[in-house]
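Look at the two complexes coming up: chain A is in both, with chain B in one and chain C in the other.
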Partner chain A sequence: MKRDLSIFFNIDRRIIFLFVFLTILLPMVFPFSLPIRATKHVRKVYEAVDKAAAEGRPILLAFEFDPTARAELEPAAVAILRQIFASGGKAVITGVLTGMSLHEQIIADCAQEYGAVYGRDYVYLGYQPGGPALIINMGQDFVSAYPRDAYGTDVRTMDATRNVLTLRDFGYVMAFSAGLGSILNWINLGQGPYSLSLGATVTGVIAPDLYNYLDSGQLTGMLGGLVGAAQYEQLLKENGVYLMRRFAAPDFVSARLPALCRRLSATDRTALEQFVWNRLEAKQQDAVRATVELNYDQLSRDEKRILAAALNEALEREDLVPATDLERLRLTEEIRALLQKPGPTMQKGRILRRLYVEDLWGPLVRKAHSDAQAVRWMTPQSVTHLVLIAAIVVGNACYFADQYRHKRGRSQTLQREEQ
Partner chain B sequence: MKRSDALLIIIFLVLMAAINLTLVLTHRLPWSGRWDWSTFGIMVAAAITIALYSQLYSDNALFRMAEHMFVGTSVGYGLIMSWYVAWVTIILNRKAALAQGLGFWQAIREGAKVQQLGIWSLVVPGLLGLMVYTRFSRKYGWLSRIPFAVMIGFGVGYSIPTTISANLLTQLKPMLVDLLHGPRGGIYWNGIVILIGVLTTLLYFFFSAEHKGAIRTPSRVGVWFLMVAFGASFGYTVMARLSLLIGRIDFLFREWLPLIR
Partner chain C sequence: MRFFKITLPVILAFVMAVLGMAVYFSPHHYAASFMNEQAFWHKIIGAVTMFIGTYSILRLHYGRIRRRQVGWGYSILLYACCAITVGFGIYNSGYGPLVPRPEIRPGTLEGVQWMFNAIAAPASATTFSTLGFFICSAAYRTFRAKTAEAAVLLMAALVVMLGQVPLAALISEKIPLVSGWLLDVPNMAVKRAIGFGICLGAVGTSLRVMFGIERSYMGGEK
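Here is the complex of A and B:
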């Protein structure tokens, strides 16, 4: 018995690391889904963003994270941008010094997915030095804090920022914070003095420190760590935001492009495919043909973007898909219910045309769209948590059993000595 | 550097080059035919990720190399970006200076105009910022105290009222509510838990009296509240660290080695 228990107290840490690695990898290789339900605090963020977008008021997204917090905060940033763009809202985004390239990539990908236009639907202001003083400055005079965007354009000339004079002009402010200091700055210097409607997306490490601000109403809602992002993605799914996505270049890169190219270079093109084909220049058409003939990717990244843009443009045109084809679409009950649901995030026509393309090109296109990153990552996370809980319970049971055994051994020794 | 360390690094680099070459030749990693920085970035990121995680096995030269590269790159990137954004773009307004062929002072004036500020609003903070760098000189190092004094003075002056308001007065609100009539009707149980938690935890940190007699039990309850808070905090921390690991594993096995689809 003694020897058996000692095994649990002297496990090589590398075995534990390997165990954790496998519990993460296996659910990724053999994926399955677990139910996710949005909490009150996540739902409140969703409702606040939807309300601001419906009122046509810009939403400030303070991206105060860099690649070190990417895994935790990027899924939430993507989800909120998708919601804003899908509901026709305006996003004004600020950045931090070491995260600007990452932010630009996230914003560009989301904008392309929903056809958002720079200046009209979103503006990226980039980094400005100042830290807490910058928040004070934004509260007093937004234009003097950010006179120009990250690319040198005057903020007063762009639709998204034209009417913003102070922080109070934003319908909602969402701070994406990788550190406690930056979110506390927003609460102390932004929410308090200017009575902002403020939400927080934070890393898991600092999330427990912010629950008291939720209770006091200083934060309207919070997305804490990856689980918060997964719950938000679930809300996007329930409200049909993913169905409104267009075909973005990053998805094409990972998709099985040759088969898509085969459809485009075939002779029996549909009106929609013909439209896309006509949008390509001769050399791009050659690259599409070469991709089919050589059976591997001959398209450069830029050419893929052009192809994606052409397909996106096609989805915006109502005349390219016959109404009879749209009527023939086999819709699931879930989608039918979604299409009947009123709300600002619904654009029925675009959803139907997207479903038409998915029907036309089959599972290939569906596969190309990874809808929810955080939801996908939550399965390995949950499995690992369960394994860790089991390990903690077993470890504690072993510890107490060991303590009991020692105590019993000592009392037996004492009894023997007394005898 | 020890010979074994150099050998380890060389073997690792050769191995990575061989894997990447195989991935590109078998078209598992997209390569557009020209110099593809994006794919090269994936290769470098994968190599550094593996090198950093190699520390989990034991401390080694690969980990130290990757760690030093990370520190050097992030400091260098931060330095150049802050120089470029703060000095070249905001204060000197390089874009206008180049376009209009402006001199140093004219460029600063133009920068001030863009920021809708008087020229001194840029020059004075700029000079204060430069003073920080006098830390590198023994003779003029004392000058660096001036900008720090300004920053601390401003920070303390502004943050005291806002912090008291946001972190003390507003925080008292959820505790000072009608406990018999909650937001959903009936007794406000959450409010009662919050009230007990605050009072007992405060009592635990009351060290002017020994925790005996009437104080003993409430202070024990306070400790339990603290333990629950620490547990929640630790649980969230574990979740956060796992999320980062999941992000890296997803990158390695989805973007680099296409094993997960």
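Here is the complex of A and C:
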């Protein structure tokens, strides 16, 4: 028994690493859904973004993260961008030097999903040096801080940034950061002097440090780590934002791509598939055929974007899908309820055509209404949390049991010596 | 000489500190222009410090190579990576020597951009991800409630960890509520108190720098 207990808390850490790896891997291989409810801090972000979009004021997203913090911050960035584009808002995005290509990818995919147009609906300003001084500069004179966007276009010539003179012109500012210092800079140098409506999206480890700013009202909402992102995605799902998604490059999961390409290059295409095939250039059609022949993804990300653009163009056409086919669609109660909410008829038509394509292609494309990234990743994170909690409890129990036995053993030895 | 080494920097620090405070609280448009100008100078100094940082790290690793310290091979690797990255960055507008100029297309991922996307970004993400494994191992081996205070801390930590998990609501509705209360009330109060302490300390240190009492930024008293 003595030896058994000491094995528990002197275990080789490589075994612990293996155990943690399995607790992450198994829920990903055998996924299951979890009930997720948004907290008040997450709801505040949702309401603030909605309000700014409804007022027609641009929303500033400060993407101050690079690939090291991608896992925790990218899902939240994608979710907020989706909400902005779905509600017709304008997004102005700044970045850091080491994360620019990551940011461009996120923005391009989200923009394609909702038909957002660069310059009109969103602008990517890229990186400018200065740190805290840049925030002061933006507060005083935004155009002098960012005279041009990341691609050299004058910000005064684009609709999204034409009327932005200072930070006060933004309806909401959301700072994404893996470090506390950056958020504190925004609070001290941005929110304080210019009375901004400021939110924070941070990694889970620094989220508890910001609760006093939430309480004082200096922060209007916070998304903390993957949990915050998952709660936000759940809010978007409940409000039908995902239903309005068009296709984007990430929808073409490479494992299914050969089968999808086989459908597109077949001779018995439907009217919609024929429309998409005709929209592809010869070079893209060759890549589709090569994917079929080699049974492996031969499409680059740019070509997947072109394929998605062709599909989205097809979704805008009412003549490609017979009305009878749309009426025969099997919709869940949840989707039916969302479609019955008041909204533009054209959008509902496009949603139904998207659902038709998902029905036509089955498992070949990701469903618009399926769980997004953070919600899917919450399952392995939750299981790992529970296993870790159990391990800490077991470790403490073994430790105290061992301590108790040592004490009893010592007192028995002392008694024997006295006798 | 003492005037330029000690007196002048102290005078500059005092003047800029007073100016910085004055313009922050002043609504006058001259103050706004000064803050803008200050921000531009801050950017220029930031750019210069990048060069200083690069020189500093190269000098450090040169010393390791010269003295053949443990791990000096990695220092050679750092020099090689630095040379390749700089070479690609300077030659052919960032596309490097492997792509002939007529084939360069805007928006393609060549040269420096490819190296960052294919090597640096995955390596950074992987390094950050391994932290999770080390934290789990450390938590299991060292989280022991050896004293009453440690026991209270451990209980609170376990409740908050449980509250972050959606499954907790299935176990009991009270767990997320208690977890939220712990974060919103005691955690917030303590963080606020710590924040006050940090700010008071920062004010004290700033005043010492302003009045020339603290001169560590000059390399210490001589």
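Assorted remarks:
In the analysis below, the second predicted complex is superposed on the first by the 354 of 419 C-alpha atoms of A that agree within 3 Å, B and C clash if a C-alpha of one lies under 4 Å from a C-alpha of the other, contacts with A are read in each partner's own complex, and residues count from 1 in each chain.
The rule we apply is simple: a residue touches a chain if its C-beta (ideal position, glycine included) is under 8 Å from a C-beta of that chain, and two chains touch if they have at least 3 such contacts.
Bear in mind that the values here come from a model prediction, so they are computed numbers and not experimental data.
Contacts of A:181 after superposition: neither chain B nor chain C is touched. When the two complexes are overlaid on their common chain A, residue A:349 makes contact with neither chain B nor chain C.
Judged by the touch definition given at the top, the superposed model places A:322 against neither chain B nor chain C. Once the two complexes are laid over each other on the shared chain, residue contacts for A:140 go to chain C alone; chain B is not touched.
Within the superposed three-chain model, A:409 lies out of touch with both chain B and chain C [touch as defined at top]. Look at A:56: by the touch rule set out above, it reaches neither chain B nor chain C. Judged by the touch definition given at the top, the superposed model places A:208 against both chain B and chain C. Of the two partner chains, chain B is the only one that A:191 touches; chain C does not reach it. In the superposition on chain A, contact is made by A:29 with chain B only, not with chain C. Chain A uses residues 17, 20-21, 70-71, 98, 128-129, 132-133, 136, 144, 193, 204, 208-209, 212, 215, 225, 227, 381, 384-385, 388 to touch chain B in one structure and chain C in the other. For chain A in complex with chain C, the touching residues are 9, 11, 13, 16-17, 20-21, 34-37, 39, 66-71, 98, 101-102, 128-134, 136-137, 140-141, 144-145, 193, 204, 208-209, 211-212, 214-215, 225, 227, 230, 302, 378, 381-382, 384-386, 388-389, 391-393, 395-396, 399-400.
Partner chain A is touched in their complex by these residues of chain C: 24, 32, 35-36, 38-40, 42-43, 46-47, 107, 109, 113, 116-117, 120-122, 124-125, 127-129, 132-133, 136-137, 139-141, 143-145, 154, 158, 161-162, 164-167, 169-170, 176, 180, 183-184, 187-189, 191-192, 195. Those residues of chain B lying in contact with chain A across their complex are 27, 30, 32-34, 36, 38, 56-57, 74, 77-78, 81-82, 85-86, 90, 95, 114-117, 154-155, 158-159, 162-163, 165-167, 170-171, 173-174, 194, 229, 232-233, 236-240, 242-250, 253, 259-261.
Contacts from chain A toward chain B in the complex involve residues 14, 17, 20-21, 24-25, 28-29, 70-72, 97-98, 100, 126-129, 132-133, 136, 143-144, 147-148, 152, 187-189, 191-193, 203-205, 207-209, 212-213, 215-218, 224-227, 253, 296-301, 367, 377, 380-381, 384-385, 388.
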